[in-house]
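Which chain is which? They are A, B and C, in the order written, and residues in each are numbered from 1.
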């Protein structure tokens, strides 16, 4: 007996149980369901598989190395520093070929600053004074250039003056330049070498064209249409492609983002992985806002004169900062995401069926009829022992359409 | 005939097939299922839609540009370098307004080092010696300061000495400072300008308040409550908000992370996208560990004396490194993620039903009855030709409740 | 009546409705379905839960701080700069202990450049000329070293010469070194301190072994097997582990990526989170490509001679750039992803059942029979008023196996 029941259990494990369906010959809902099915199928095939390449395993953690090198020279002639020839080692800061670098395009020099006494700049609010009491001695001017001495320097008795400070004098001049001193920097070229690697797929590639023609790489100039694989860019073009004018930007500085995107379909092999460049201005949220845009920084050089006294040259440099940003992802066919995506697409069909059911059961004229068809009552009748049921008088206790004689061999 | 069957096939394609359900009038499982449904609904509405904004397409690849500018001066007076006024161009390293910068807060100077012979520092283990044989001539001291000459310099016959080296002498002093020389750096202010852009949504914004009032941006100071949109921060506050004391940290240096998070709900337009600042100490895994915390670096300046001999000034600078980290994501309503999330939420209902089925069919007292109701046997009887079945004597062969006469028009 | 129907509605809400299944006693499909179920179960348990730890909430936005410090000295003796001892403050650029740093391994010096007239380098194509007309005066040589004067300097009447320029003369020599001047840099050591933090879990850790033994951290050297927790690396080893030779790479420079991966299982606590190091060469897409690999940069030092005339020393430095890349993720048990993953795994079962249904209904010999069992017709008959149906003559109108007397109490 036990052996028998184990055998039947074992056999019943391999019975396939499939959901019972009711065919509702309602063409409206039928067509609706087919439309929903087609939409889901279209979504799976068109969006998940073709657009999003859902059959691929993807890798987003790209390893990237960027080395830059600028070329070009420019001659400047200012009253302070006389003739000077600027090479990449001067105007690229830092000059180490970094991913982020600034090209000096304009500068204001304040030579021969000495540590002595002078008036604070009127642009520093904390340096304003009306009497000597406003200048507390031996305190720093907040956001200023030196230490207050306690004297208030004024041009007239009723005017607002500025505190005298001990600091590097004279204070930096704030001259407004009409045109950038290194405006010719637009013709400088930058060579951008970007090597990427997708560790999961052990795939690496460089943006430099894999060519035997060494001279091509020395003389080409990137252009989206004619030279898309040349890694040499004219600075003026970079700014232009970002939607701005180089000379205008050179005056007060700015920040340009060079985006390199690698969207690699490794199923297509080595050629399915090419860099795509785009160029944006980073420092201005909107085009016409001048309050917050611009880029400048200061640097100093210290010297000692013949008497041993220290003096310094202060340079406020305006420049265009280039930020080479690399991102990318690679995809390669893999069975697991394929199955997952097919599976979850099919699971979506269930949601579609649920929606159609709602329409059928509650929004059709004959909903009551369909509900009766779909839902079969299984009222729990009193039972006599195990699985053997008493014939009941009342029909209500019985499940719909159930003939009890059929049940006995089953239960 | 063929036309007829095609027509009936075509019509049957638009028949809607809906799963047949058995109503188990079991209140326990019924309530359980409703609870499960409510939980899933709550999860979909509360978690997926309200908390995670599942109706939005999101973009996590933020493009960010950070420019910093420090203000403030401090006067130092050391025996080695006499009076010196430190401005941003001196104490900010690098001084180019980078995203990551260090502010020098303390330093040890070793002036006038010359390339000559002296004893290696006793802190370098490879420089320890007992006899001249321990100092192999013309080899570098590992992690040391020069080249061994072969002599062992000792104070007594039985003591451990250090090898004589050829290097920059005198060796750097390791003086423990009591208080930081630039302790007043706590009052310096840093202006952080962060412009972000979400390329997918073509949305860009800056953390600098879009105000006409130019003087506000010159004089405000960030405060979470009173000035949340002011981009100027006091260094002392930054360290304090990270849970540390500026003067303590200034002594041996450290690293502070300034996190700017942009969590943008672009459905709310421009105002739904504001920066949120937070501040942490980066260099110490735990607060009380002093072994591994701190931040210092060295730099040198080379000079030539009147005779043309080279000498140098070595500075070991302790500083606080600030790392402005920007991350963010933006979301905007999109129909595809909405459908996906609703669909997969509904698909979860299937799992809930599966669980309730298990309870109904195997854990209820009347499970046997429900199993009989739920599973309908479809034994495969012998058939006579297509779809026409012989009347069988045995009832067992027949599917439960099937009247064969009903079948014939169907198959 | 209304009260009664509300009551019955309220009761029916808590009726549990379960899908009716047809048991198809087809062992082939039964076994197929069990295999599919086992595969999905295996996928959920093996892949989603054990391999991908699907029961964990994960955090990928790691906050990382890297500080590096190099040790070691080397003595160079070149004809141009005579004896010089290089310490970390000289050969590490930048010397601030950054995440990305270059170690100078070789250099070419061009001392005493003066702003004067000389011939452009023959390697610059824009400087080539045959007659003076090729050298337009006062234009910059593209990618060159100075401003054309208008003269073409040639060695013979029929040769190609180069334009005379006004620039820093003499032009940099392009000497090919046989061996790197700082080849001993292979013995330098770098101490890498990396502190990470997962903000969501408020967990932070450092790669520096949390040991009391201070001297261990001073004298150990990283080795994958014997010292996996020592944060001190020999430069020569780093290059070797990346699959290259230090001396070969030192000659023309290169770029090495040091990857620190934190794959943290926070359910295992503090010890479940250890750094894993790996080393790759970043600058060469393929091993044998020499055209695009290498790393060098130039820097200048400006001087004034006794007469006040400016001159400069130009150094072209070859170096190995080290880029410490940190990434990581942390996972911790959370009920929501657990439920989602179980749920969507179960939802996948639906797709499995759909596939088995296709096999059963269209690929088995007795498919017609199973289709008849699975799909129950619910033709819409004419009804008399609400829910009460006329006995129809034709059997076709009736749903399969429905006895109308059963229906009346239901609808």
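What we mean here is this: contacts are C-beta pairs under 8 Å (C-beta built on N, C-alpha and C of every residue); 3 or more make two chains touch, one makes a residue touch a chain.
Model, not experiment: these values are computed from the prediction.
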| item | value |
| --- | --- |
| Residue-number overlap at the chain A/chain C interface, same or different (half cut) | different |
| Turning angle required so that chain A lies on chain B, C-alpha fit (0 to 180°, nearest 5) | 120 |
| Whole-Å gap between the CA centroids of chain A and chain C | 14 |
| Sites on chain C at which at least two other chains make contact | 17, 19-26, 94, 344, 347, 350, 370, 373-377, 401 |
| Partner chain B, residues of chain A touching it in the complex | 17, 19-27, 29-34, 43, 47, 93-94, 100, 102, 115, 125, 140-147, 166-168, 255, 257, 259, 280, 282-286, 289, 291-292, 295-300, 314, 321, 323, 325, 327, 344, 347-348, 350-354, 356-357, 360, 370, 373-380, 383, 386-387, 399, 401-403, 405-407, 409-411 |
| Touching residues (chain side chain C, partner chain B) in the complex | 11, 13-26, 61, 63, 65, 67, 71-75, 83-85, 87-90, 94-98, 184, 187, 189, 193, 195, 197, 199, 204-206, 208, 210, 214-215, 217-219, 336, 340, 342-344, 346-347, 349-350, 366, 368-377, 395-396, 398, 400-401 |
